[in-house]
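In what follows, subunit A forms one complex with subunit B and a second complex with subunit C.
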Partner chain A sequence: MAKQAPGVRIDGLTVVYKTPAGELPAVRDVTLTLEPGTITGIVGESGSGKSTLALSLLNAVQPPGRIAAGSVDIDGLGDVVALRGENLRKARGKHVGYVFQAAQNSLNPLKTVGKQLLDLGRSHGVDDLRGLVREAKELLGRMGLDGARVLDSHQHELSGGMRQRVGIMLALVLNAHLVVLDEPTTALDMITQANILKIVREVHAERGLTTLVITHDIGVVAEVADRLAVMYGGRLVEQGPTRQVLGAPRHPYTRGLIKAIPRLVGDIAEAQALPGRPPTLVTVPKEGCVFRERCPLRMDVCDTVDPAALADGPRVVACHAVNVKEHA
Partner chain B sequence: MVVIARRLAGHLARGVVMILVVATISFFIVRSIPGDPVAAHTQKLIEQGMAPEAAAQATRVLYGFQPKGSLWEQYGDYLHGLLTFDLGQSVTHAGAPVTDVLAEAAKWTVLPVLAGTLLSFLVGIILGVYAAIKRTGKLGDALAISGSLLHGVPQYVLGLLLSAIFATLIPILPADGPVDILFEPGFNAGYIASLFDHAVLPVATYALAAYGGWILAMKSSVVTVLGDDFILAAELRGMKRSIIFRYIARNAILPLFTILALSLGLLLGGAVFIERIFNYPGLGLLLIESITMRDYALMGGAFLIITVSIIVANIVADLFYSVIDPRVRSGEEVSA
Partner chain C sequence: MITGTGVVKTFKQRGKVLGAREVQALRGVDFAIPKGGAASFIGESGCGKTTLGRIIAGLETYDAGEIVIDDVAMSPLKPKRRQPHFRKIQMIHQDPYSALNPTRTIYQTLYAPLSLRAGQTGRSSSWIEERAAEVLTLVGLDPGTVMSRYPHQLSGGMRQRVVIARALTVDPEMLVADEAVSMIDVSLRLGILALLKDLRERLGVSVLFITHDVATARYIGDDGELYVIYRGQVVERGPVDTVIADPVHPYTQALLSAIPVLHGLEQPGEQPVMPLETLDDSQADAGCLFARRCPFRGERCTSERPLLHVTEGVPQEHACFYPERRNVIARPMSEV
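Up next is the complex of A and B:
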């Protein structure tokens, strides 16, 4: 078992969904590295492919989707895309913990949390089930819950924030050191959101994890992530250290996103919505840049050539306009 | 447990009230059906030239009783009898107590219905799970089509069909009553074998008629559960397939228990056609016979037993829910 934070290298990952119009890519040629011990945030609108990308880390893309190309290499586990059957099942939960969106009911409504914890332990061949329960109580206690009471509860007896902490407990209790959180704070009230983010940060540091946070909320990544990746139409359009990307965004989409955030002080009209709508699986352009329809910097080349993701120090941007200027 | 006991007490109280209401309604409805067997017989004797007094006397000898008092007084007597489980005497069964007549008939209804329903339930839910999991394949299509087809054919058509095929065209099974009269009733091999032999066709009819409903209901229930978030969550946590299968099955089967309890309650009264086709002297045939003969006490008793079985089935279903569904147990609303 990996006792320290694993690194993850996603390389050229393409995920397609079968539709009446043929197989269409939801994630296209994504390359992203999660450094050991860091928190990476992926930001994108609904339908940008960020959840599909998150599921790929567990090779769990649901039919009619499938991973068409690329690899996801996790330290201590190898290429997850090549894992099948029992090996894949055992990797899930034990090596990679997955935390669901709080609004989703990720627990069996008919069984107590404790019984489901035991099911999890048995599924992964844990001999010391008492130890597992002790560990779970400790984790829950660490997150400010009464462990014994929570383990004795059914899902419908828990609040959204409590469910989310139970989700985090189940992702960590088997000692996974890579954790994927899919929209961890969506549908929670502001206070609970802040609480959960604090817990994510602290548990990440205490247990020495590699963490991936998927969200549509730039505020969430600003608060927790070391690195930030921006997704649009199935592509990673920009990535880099969170502060640098938020402080000096380069890709026109990232700039648009940040401009669209209303400020707490000042004129609400300063927030400018991005014109147009995000593409869907069907409307996303087959060639050229995926963002060009809404882009203020559109050039002729954008219609025909997909911009390559070019690295500049720690930052990576996939945009003809930006890269021409930088490299000219 | 306290919650369950309190629920049970509430159900029982409501059940008793409902039974009284239904008993009252059936008492008066039965008696407002035109035709009075005692009066009719007396009238017939008078028309044959007998003196009214002698005719009444002869009728009393035949039936063993004469109605006395007003309708309201009879109602009072009826309720009083009800409390002591005395449903009166059947005029068509030579004055035998209605409870005895019903008990005798009930065994020919309860056992085949129970066997047929449980059989179709088991087969239907198991195949329903397959129909759901393989819903995009040929097997799933075949199962769903078989379900719709059988669900669409009325019970009595199935009964006639089976009887025509297996008792007439290819006479391999009997359809002439519940048991061969050649055998001495009791625990001897011949009698029991004959019981089973005769039960095959009616049980198969009950089972086939209900099977379509089960398979379709289970399929849609499983498909719903398969799309639930917690199933994907369990997969992503690396749960064993067998455990996930149990999660699916337990959640999907939940809504079907109500239907099962209700259909068991309903089938006791709804077995008329099948009992007619296979000559089973069960409750359904008894009810028809009592209506034709204007046997008030027997009619009332038959209605009552159907009512009670449905009410009891409801109570059992509800209590069962509080045992298997924690959301019902704690008395909170079930979230969708």
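Up next is the complex of A and C:
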């Protein structure tokens, strides 16, 4: 079965969580297209809604959360928001591979990796389990591991970097062509991180995937992603080709974030922390721009009107101050 | 002034099936952190940097070598007599979410060490409240709003500031910050780093910064010393900017090469160093500990272990037989 890298169109997606204070949006009106065969990176701080957005791709937002509006249209699958029951279960794994945050802790400590692989195969009705094992060994070998040894190992016998590669193998082994990696390198060392990112890039190209990487670390996105999307307070505030966004960020949050990264060379005094703190589900403003409390370009209109995401060529920015200047 | 000479620590793992296994966490480490100075330990996880930090803070014993705090050697003292010395060194942990008691308000958290101190020095209870407000102000928090709050009502950055404030209640001479910003939101990290630098300048507290993120080490002060630790051995040591800009040890070069490049803003270094294998510290090495992974190893490297030394023309100390400058780090586009 030859599959092709699918495109994904997220349109007007809103995900809310039920809290004592009512239903609060963790992701609000997000529109994002993943072009087939590209790597897209979503960057955001804790509470920005990036993981919730990623879970929506599997329609796997858990109660008390629910998808309140919008659609996630995946080529070959249709709108996953409308999928239910068996159809949804089968889509996960086969069409969409998901490498979970802290994949190093998402393995069953009581079973060998091989047994977990067979469980995965059976639950998806794979007839040729030998073939599945062969495929898994090949993938692990491709990532620089001894496949047979790893399949015979329990998770405690593997290092963090090895577990992360096992997570990637499990996401790909059913021949999924859309892969979501949630914080793929958090808790890994620099050298291991560089290795994993190299593997992500290579496997993406070799297998013809559409890949989504979720991270809080702009450096990770800069290394692997073709396109970069920045989330803040549940909103997508800026997106565009990675090099363009990093080289000439437009949204004041993106600019501040890039300025706040400790760098190896250059003037220490130039780097500045953003004032204030990122909003949580409860403190995110109900109307107006989500970033205005920390924004150096704040205007009156920001208090009342949520800025629309306007496209300018390949770049999209949701900011009154920036869009007024460029569209006036 | 805190110095260490030849500090050794071996962890013994007892196992019924696999037999006892020994892990050499530290293999004879020397360090010196002057009063009001700064030092950073960098390396991969398992390199021994955290163990060394814990030994310096008095939370862990050592097997050989000596720690000297303000001219007093620690090992001849009975554990109880060491306490007042180690009290001068306070630890700031990685995770501000678990370092604070969730059932206590910030004031209650600060009250405990302060009341102990007030009892020892015969101060009144009004001093406790004054001092609590003072340390909170020092770390950039507003005592009026923060004191009555619980930890869950604060952001990660604010919590880490509270942890630092708590460490300051006992008037320490040194703060040991172990990955103190790695769990803080990116936009707030620099604020915590700037605070540590500020405390050095204003209070003369020295700072020991333990991290795997080399770039952050620069931000606690450019007069600081960088110690690159690999498998329990210091392999390169020198002024932080020198070691980052001109590393000579292949391991330091590999660490710096692995840092993501901000394409669009930065140009990658021209001679990146990739280790040949992944870290496997179960094997015993007679020679250089990095030799198996080193792309530049020579004959001498597998038979003889290089120790930290200086060679002509290299300003920093290093533990390599064939030190060579390589252009490994990414530089801003504007400079290239």
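Methods note: the second predicted complex is superposed on the first by the 323 of 328 C-alpha atoms of A that agree within 3 Å, B and C clash if a C-alpha of one lies under 4 Å from a C-alpha of the other, contacts with A are read in each partner's own complex, and residues count from 1 in each chain.
Here is the rule we use: contacts are C-beta pairs under 8 Å (C-beta built on N, C-alpha and C of every residue); 3 or more make two chains touch, one makes a residue touch a chain.
Predicted model only: the values in this text are computed from it and were never measured.
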Once subunit A from each complex is brought into register, does subunit C clash with subunit B or fit beside it? fit
First (subunit B), second (subunit C), both or neither: which does A:247 touch? second
Once aligned on A, the angle formed at the Cα centre of subunit A by those of subunit B and subunit C, in degrees rounded to the nearest 10, is 70
Could you tell me if A:156 is touching subunit B, subunit C, both of them or neither one (first, second, both, neither)? first
Using the touch definition from the top, say if A:21 reaches subunit B (first), subunit C (second), both or neither. neither
Of subunit B and subunit C, which one touches more of subunit A's residues? C
Which holds for A:282: it touches subunit B only (first), subunit C only (second), both, or neither? neither
Quick check: superposed on A, how many Å separate the nearest Cα atoms of subunit B and subunit C? 5
Determine where on subunit A the residues touched by subunit B overlap those touched by subunit C, and list them. none
For subunit C, which residues are in contact with subunit A within the complex? 44-45, 155-158, 185-191, 193-194, 212-216, 218-219, 222, 244-245, 254-265, 274-275, 278-279, 329-333, 335
Quick one: which bits of subunit A touch subunit B in the complex? Just the residue numbers, please. 55, 58, 60, 62, 89-94, 98, 100, 104-112, 119-120, 122-124, 154, 156-157, 170-171
Footprint of subunit C on subunit A - complex, ascending: 45-46, 144, 159-161, 189-195, 197, 216-220, 222-223, 242-247, 256-258, 260-266, 268, 271-274, 277-278
State the interface residues of subunit B toward subunit A in the complex, per the touch definition above. 228-230, 232-241, 243, 247, 250-251, 254, 324-327, 330, 332, 335
